[in-house]
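Structures incoming, each one as C-alpha cells.
What follows is subunit A paired twice: with subunit B in the first complex and subunit C in the second.
And then the complex of A and B:
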C-alpha cells in the first residue's frame, strides 16, 4: 500500500469541497491550496488562523487548552490552578505528553496534580473571587510552591471575576509569584491564542526575574520545544555532549527558575515558530538576545541546527566538537536508514498537526524515502505556511486584536546586545539567517496539497482518494483513519512512544514508522473471502 | 452582592468527576442517527471527544457552535443556526442531540427558543429531531448530564402510542460489553427491549469495509418513539433525581411502570433483575443464564479463601459504587471506603438501605476528590482498590492492586470489553479480583510457588 500518487490535485480539491454547502465550500476553498513555488520560493496565499465554521467538526482546541495544557503544562514547579467549573481542569490533567525530570526527588513536580476551584452555580451568580483566593491559599499551604498560575475558563470573564487583582493580592500576602492567565476558551480562533496569552504572561511575570548567572561559555535558550515523548531529554543530552549550555526551554522539561534566568542566555533557538516567535522578538528587544530558527526533528535538520549554533558562537573548539558529535551520530543514523529506507521508498505520508510539526516531520519521512503528499496545520498562521516574509501583509482581524500585544523596550539595566550590528551582518553574509523562518510551503513539492484546519469530513475523503501509507495527526483522528486500514501515528503524543528528536530519536522514528506501515495486521482488515472474490456460500456448499 | 466562600470550602484537587456535557455526549452517541452537538466553544467539543476517544479507542464526532468573543457578547443564536444547518447538511442525522456548556448558560442563551425558531424558519424541509438538554458544567456531574440527556431524548421523541409488550431499559453509564450482554439477555427472554442509550457499536466498533458515518449506530429512533407504550421501564439507578429520570418521565406522562434498582453487579441484584425480566416477559429464566449463575456461585466457593475479609477502596459514579459495594459485600470483601465525586447526596442513604449489616464498617465520601480519597484510604489500610484509572496514584502509594472498572480507563486496553453487570459481569470481575490477590501471594513468596 504505497498509496496513490497520480491524482490531479485540482480534481482532489473539488472532491474535498463537494462535502460542503456552497457557503462553507467557498470559505474552505481559501484554506485548501495546491502548492506552487516560483524561483524566489514565493507560494500561493492560504487563509489561516480564521474561525472554524460552526457545525464543522474541527480538531482544534481552545485558548485555555493552548495556555494551560500546551505552554504551561510541561512546567513542573509552577502550581497550575484552574478557575472554573470542573471539566476543563479535569481534561487538562496529567496528559501523557507532559514529561519532566526534576533534578532530585525533593524538587517540586505538580504535574500529577489537578487543581480547580470547581465553580458551582452560586459562584456564577455571586462571583468566584473569594473561592479563588481561598484556593490559592490552600494550595500554598499544602505545597509551598515558588509560583502559582491561575487559568480562567469560559465563564470567568463573563461573571466579572478579576483574576489578576486576586493574583496580585495573594502574591503580596504569600510572598510568592502569583499570576493569572485570561485564557477563556472562546477567545481567539484556536489554541494559538492561548499560547500567546501564556507567553505574554511569562514574559511579564517571570522572564528576567532570576538573578542566577548560568555557567558555561555557549549559553542558549530553546523556545517552542514541548518535550513530547521525551524529545527534550534527548536534545538536552546532545547539547551537553557538544558543550552547549541550555539555560532554559520554553517549555519542555522546564522549571520556574529556568524561565526566570532565561535572559542570561546569549542565543535563542526557536523550534516551533508558531507558538513562540513573538517571545523571541520581545526578548531580543528587551535584553538584546538574537534568535535563529532551528529544528531538531530529522537527523539532517539536527546536524544543520547544531552547525548554526556553532556558527553563531564562532569558536573553533565548539565547531570541532559539534562536527565530531555529528559524525558519530550520523554513522548510526545512516545504518538505520540503509536498512529501513528500501521498505518504505516512495510511500505516501500525510500530516495535519500543530503549528510547525506538520512541517518538521516531513524531514524524518524524507530520510526514509517517504513523500508528503498533503499537509496542514491545526492552528498556524499564514507565516507558518508561506514564510515569515509575509508577516507585514497579514491582516489583523478582530480575533487577533483580542490578544494583547505587549509594548517592549530595551531594559535599562539588562539590555546588552550579544553581537554588534557588524558581527550580525557578517554572520548573515556567511549564510546564518536571523529572525527568519521559511515556512512549510516553500519546502514542499509542487502540486502537493496544503490544507489548513482540516475537518473530519475532509480527512476521510482525502484518505479515500490517496490511500496513503501513513497518516499523522492526533488522537481525535486516529481511530477513524485506522478503521479504514491506514496506519495512523499521533504526533501530539507520539502514541505514548517516542522520543523522535535529534539523532537517536530519528532512528526511533524510522523504526516506529516502518513497524506501523509494514505491520501484518493491516492485511487482516479484509477477510480472505473479501480479497479472493470467492463467494462464501460456495465454500459452504463444498461441505454439504 | 456578597460573594460566598463558605468556611469549609476547599478547592478540588485531582477530581473524581467529569463535567455535565460529557455525560450528555455519551448518551447522544448511543442513538442511531444522532449527531451530538455542543452549544458552546469548540474547546469543550474537542476535550470531550479527546477524552471519550482515549477511553474507548474509537472515533467520536461531536459538532459545536464554535463560540467566539463576539458570540459571547451578542449571544449564540447565529452560530447555533449555522452550526445546526451545517450538521444537518453534512451528516443527514435523524436527530441532533444538543447540550449546553457553562459558557452558553452563563450568557443566558435560551436553546429551547432557538430550536423553536429554527424549526419554524426551516419548515419546508423535514428536519431531524432537535433534542435539547441543559448541561452547565457548574451544576452536577457527568452522571447527571447522562441521565438528563436520556430524559430529554424520551421527552422529545416518545409519543402516544399503542401499548406493547416490550420494555424500556435505562442501564446507566455502562460499558459496550455490558450493553451487548443486556441485549443478549433480552433476546433470550424473547422480550423486545428499548435500551437507552445503546453505544455498544458506536463506542466499540469494527474495522470498516467502506467509510461509515459514526452516528449510524445505537438505539433506533422508532423504538424510542414507542417507549411510552411499553409494559414497564427498568432503570439501574438508586440515585437519579426524579427530574432527571427517563423512566420517571415515562411514568409521569404515559403511566409506564418504572422499576428502579441498583446496577446489578451482585448476584442478589442480578437475581432480582432476572426475576423481574422473567415476570415481564412471562418466560422462565433460560437455562443458559441459570447455568452461568451456577458457575458463578461455584467460583465464589472456589475463590472465597483468597478474598474474604479483605478491605477495598472503591470510587466512581454513585450507581457504579453502590452496585460494586453490594457485589463486594457478597463475596466477603469489606468496601471500607465508598467514594464518589457525585453531588447527588444519595450514596450514604442507598448504602445504608442495601447493606445495613455492613454500613458501620464503611466510610462514605460524597462530593470528594482524589486527595481526600487518598488521605482517607491510607488510614483504612485497604488491600485492594477498585475503580477507574485515576486511582493509580493511590495504588502506587499504597502498593496494592488496582482493578480497573468504569470510566475513564486510559492506561489499559479494552475498556469497552470490561463487563460489570449480571452473572457474567460478576464472574469476570470476581476472577480479576481473586487473581489480583493470588498474584500478590505468589510475588511475595520467596519460593515462587506455581500452585496457589
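And then the complex of A and C:
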C-alpha cells in the first residue's frame, strides 16, 4: 500500500472538520493548516499551544509528565520524589525508555526506582507538608543521594502545600541540594508547561553549581536529547570520534554533576527545541554560551550538524576529523539507502508526535524516498511550526502567563562570551545561524497538512483518506492505527527498538520502516474464503 | 545491578513509598468501563491522568484504549470543572457516538469537589445527551484505596445506575468477574456455557480488549455487556461475585437494590478456588457438573501428581492485588510450595485474615504486608535477606528477577513486556494448567541452566 497522494487538501480539511460541533470546528480550523511557503519561507499561521477541547480525545498529557517524566526523568542520580497520590509516580516509573549508563557499579542510579509520598485523604484535608518532609528524610537516610527533586501533582497546588519551603528546610537540615518543581498537571495546556518549569528549576538550582572545568578543546552541551533507546549513546560515540567533548546532556544519560558543570562548555547544541530552548537562552544570558540548533536524526542532518559544530570552533584539525568521520559513516549509510530506497520510494508517511520529533523524522523518511503528507506536534508552540522568527508575534494567553519567566542577567563573575560580536557576525555571514530554528513548516512541501494537537477522530479520517504506508505517533495511537491495517511506528518509544540517531541509527531506522511497510502479515488480513468471492456452496458441491 | 540501592537492611518508613505495589483508582474505573458495550470512558481531571491511564492500559492489553478527558486547566481548577465536563459530554456524543459515557473523577476534581450528578443533569437539560443514551459516573479519588478500589467503584456504579428491580426472576445467574483479563472473562463464560447456565457477566472486556485484527478499526468492538443486559441483572436469580476486594460492593448493591442474593467467592485461580466456583455455579443453577469439566479438573490433578517433586517446598514471593494474591497463595500452599513474601499496596479490611486462611498454617515463616509502605522495595529487601525460588507478579518484578537471578512468572497488572496474558486464562481448570506449566517451566529451566554437567538431566 503506497497511499493516496492525489487529494485536494481543502476538501480533506472540510472532511476533518465535518464531525465537530460548529464551535469546536471553528477552533480546530485554526489548528489545521495547509502548508504554503513563499520565497522567504514564510508560512501560514497555525494556532498552537492552546487548550485542548474537552472530550475530543487528545494525545496530550500534563505538565507533571513534561517536567518529571520528560526532562528530569532521564537523570540517574537525582532522587525524584513525587508528592501526591500514588498514580503519577507509578505511571512515570521507567515507562519512557531513557537509557542510562552509570560510570561504575558503585555510582548512583535511581531511575529504576519510583519514589512517592503516596498522599492519602488525611493529607488532602490537613496538608501534606509534614509527610513530604518526612519522606525526604527517609529517602535521604536510606539512599543518601546528592540531590532530591520534588514534583508536585494536581492536589498539591490546590491544598496549598509549599513544596519549595519544605525543600529549603530539608536542604538545610540534610546538607544536600533539595529543590521543588511546581508542575501540577493542570498548569499550562500540555506537557510543554512542564518542560518550561523543569528548565527554570534546573537553571535556578543546579546549573552553574559545579566547579569542575571540563577537559578537552571543543566542549559542548547537548540539549533536548533524552536517550530514548540509546540515541544519546550513539551521539556520544560520534562526538568522541570527532574529538568533541560532551560536557553534559539535557538530559539523556545525564548526571547531576553534568548539569552543574554545564556552564563550563563553549557551545550549546539543541536537539529538541521545544523542551529545552529556555535553558539555552538563560545559559547564554548568564554565562555567554551561544546556542545553535542541531539535528542528529537523519544521516544528512547529522553530517550537517557536525559541520556546524566544526564551523563554530573554526579549527582545521577538527574540521578534517569531522569530514573524515562523515565520509566513513556516509559510505555505510549510502549502501543501506541504495538497497532499501527502491522498495519504499514515493510511499506516504504521517507523523503526529512530540514537539520536535514530527519534524526531525521527516529527514529519515526523505532519505528512503518516502514523503510526509501530514504532520503535527502534540505539544509544540508556533515557533516550532513556523520558525523562531515568529516569536515576537506570539501572544501570551491566560495559560502561558502562569508559567514563570525567569529574569536572567549576566553573571558578574562567570559571564564570559565565548565569541566576540565580530566573530559571531563573521560566522553568521558564513552561514552559521545562532539562536535560530527554522521550524517544521518551511521544510515541508506545499499542500501538505499541518495539524496541531490532532484528535482521535482526525487521525482515523486522515488514515481513511490517504491510506499512508506508515503512521507515526505514540502508544495511545499505536493499536487504533494498526487495527486499521496501517503499520504504526511509535516515535516516543521506537516500539522498544532503535536507536535511530546519527548514522548507524539512520540505517536502523531505514530497516525498521522497510520491515514494517513491507510486512508480509498484511497480505493475510482476509481469509481465503473472504477474498475469493465464490459462494461457499460451490466448494461443498465439489466435495460431494 | 539495576536496583543497586536495595539491601537487606530494612529501615522503618512512614512517609516514603518506594516501588509501589498498587496504582491509583481512576485506571481501574477506566478498565471496568471498557467492559460495557459501546461505552466511552471519561476522565474528569487533568489531561495527564487520562493519558497515563490510556498508556498503561494500552501497554498491558496491546489494544486501543479510548477515553475522553475534561482537560482541566488552572482556571477549571479554581472555578470547578463543570463547563469542561459539559463540553466534553456534548463533544463525545457528537463526535464518537457512544451509547454510554462512564465518567470517573480524579484527585483533582475530587479535591475541588465537583458534583458530577448535578453536572450530568445540567448536560441533560441542555440537550447534550441524545435520547436513549446514558451518562453515569463514579467517584474515584486517587488518594483513597487503589486501582482495585476504582475498578470496584465503577462496577458498583453500573449497578447503582442501571440495574432494574423487578418482581419476577428470570433464572439467569449474574457473574461479576472481578479485575481479571479478557481471556479470563471468556473462560468463565465458557465454563458457565458448558454447564448450561445462562449468565449475565459485567463488566466483560472479552471481545473488547482482545479484539481481532480485521484490517478495519472498530472504535467500539463488539464485546462488552450491553446496558439492556445490565438492566436485567436485577431480574436474575443470583449473583456470583468473584474477588472479595473488587466485587463485593457491586454484588451487595445489587442485592440491596434488586433483591438478587449474592455469593461472594475468591477468584477461581487454582484448584480449590475453581472447585468452589464450579460447585457454587452447580448449586445456583441447579445443574450437574458435566463430565468433561470433571476431566479438565482431573488433568490439573494429574499434572500436579506427575510434577510434585519439583514444586514441593519452593519459596515464592508474590505481590499485586488482594484477590489474585489470596487465590494464588491458596493454590501455592495446595501445591506444597511456600508463599513466603506477600505484598499488596491495596488497603482493605479482610485481606490479612483471608491470606492467613489461605496459608492454612503451612508457612509459618510467611511475611505479609498490606497498605501504606507495603511496596516492592520492602519485599525486595526481604528477598535480599533470605532469597526465594520464584517471583509471581507484574512486570516490575523483572528488575528483581535479573538482579537476584530468580525466575519471574508474570501475573497481575500491569504486564508491559509480554503478550499472551490477555488471551490465555489463569482462571478455571484450564487456567490452573497454564499456571502450572509456567511455574514448572520456570523452575526446570533454572535447574537445567544451573545443574552440573554430569547431573544435567534429559528426562525430568
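Descriptive notes on the structure:
Definition applied: the second predicted complex is superposed on the first by the 529 of 544 C-alpha atoms of A that agree within 3 Å, B and C clash if a C-alpha of one lies under 4 Å from a C-alpha of the other, contacts with A are read in each partner's own complex, and residues count from 1 in each chain.
Here, a residue touches a chain if its C-beta (ideal position, glycine included) is under 8 Å from a C-beta of that chain, and two chains touch if they have at least 3 such contacts.
Everything numeric in this text was worked out from a predicted model, so none of it was measured.
Overlap between subunit B and subunit C is detected when the two structures are superposed via subunit A.
Contact with subunit B, but none with subunit C, is seen for A:129 once the two complexes are overlaid on the shared chain.
Of the two partner chains, subunit C is the only one that A:105 touches; subunit B does not reach it.
Look at A:74: by the touch rule set out above, it reaches neither subunit B nor subunit C. When the shared chain is aligned, subunit C comes close enough to touch A:141, but subunit B does not. Shared-chain residue A:505: touches no atom of subunit B or subunit C. By the touch criterion defined above, A:63 reaches both subunit B and subunit C. Shared-chain residue A:24: touches subunit B and subunit C both. Overlap of the subunit B and subunit C interfaces on subunit A comprises residues 19-21, 24, 51-65, 81, 84-93, 112-121, 123-124, 131, 134-135, 138-139, 153-155, 158-159, 185-187, 189, 398-399, 402, 456-457, 460, 475-476, 478-480, 482-485, 525-526. Those residues of subunit B whose C-beta lies close enough to touch subunit A in the complex are 1-5, 9-15, 17-22, 37, 40-51, 53-54, 57-72, 79-80, 82-87, 89-90, 101-103, 105-107, 136-139, 141, 205, 207-209, 211-212, 214, 393. Residues 19-21, 24, 51-65, 81, 84-95, 105, 108-110, 112-121, 123-124, 131-132, 134-135, 138-139, 141-143, 153-155, 157-159, 184-190, 398-399, 402, 455-457, 460, 474-476, 478-485, 522, 525-526 of subunit A touch subunit C in their complex.
Those residues of subunit C that touch subunit A in the complex are listed here as 1-5, 11, 13-20, 22-27, 42, 45-49, 51-56, 58-59, 62-77, 84-85, 87-92, 94-96, 106-108, 111-112, 141-144, 146, 211, 213-219, 345, 372-373, 377, 396, 399, 416.
The part of subunit A that touches subunit B in the complex is made up of residues 19-21, 24, 51-65, 81, 84-93, 112-131, 133-135, 138-139, 153-155, 158-159, 185-187, 189, 398-399, 402, 456-457, 460, 464, 475-476, 478-480, 482-485, 525-526, 530.
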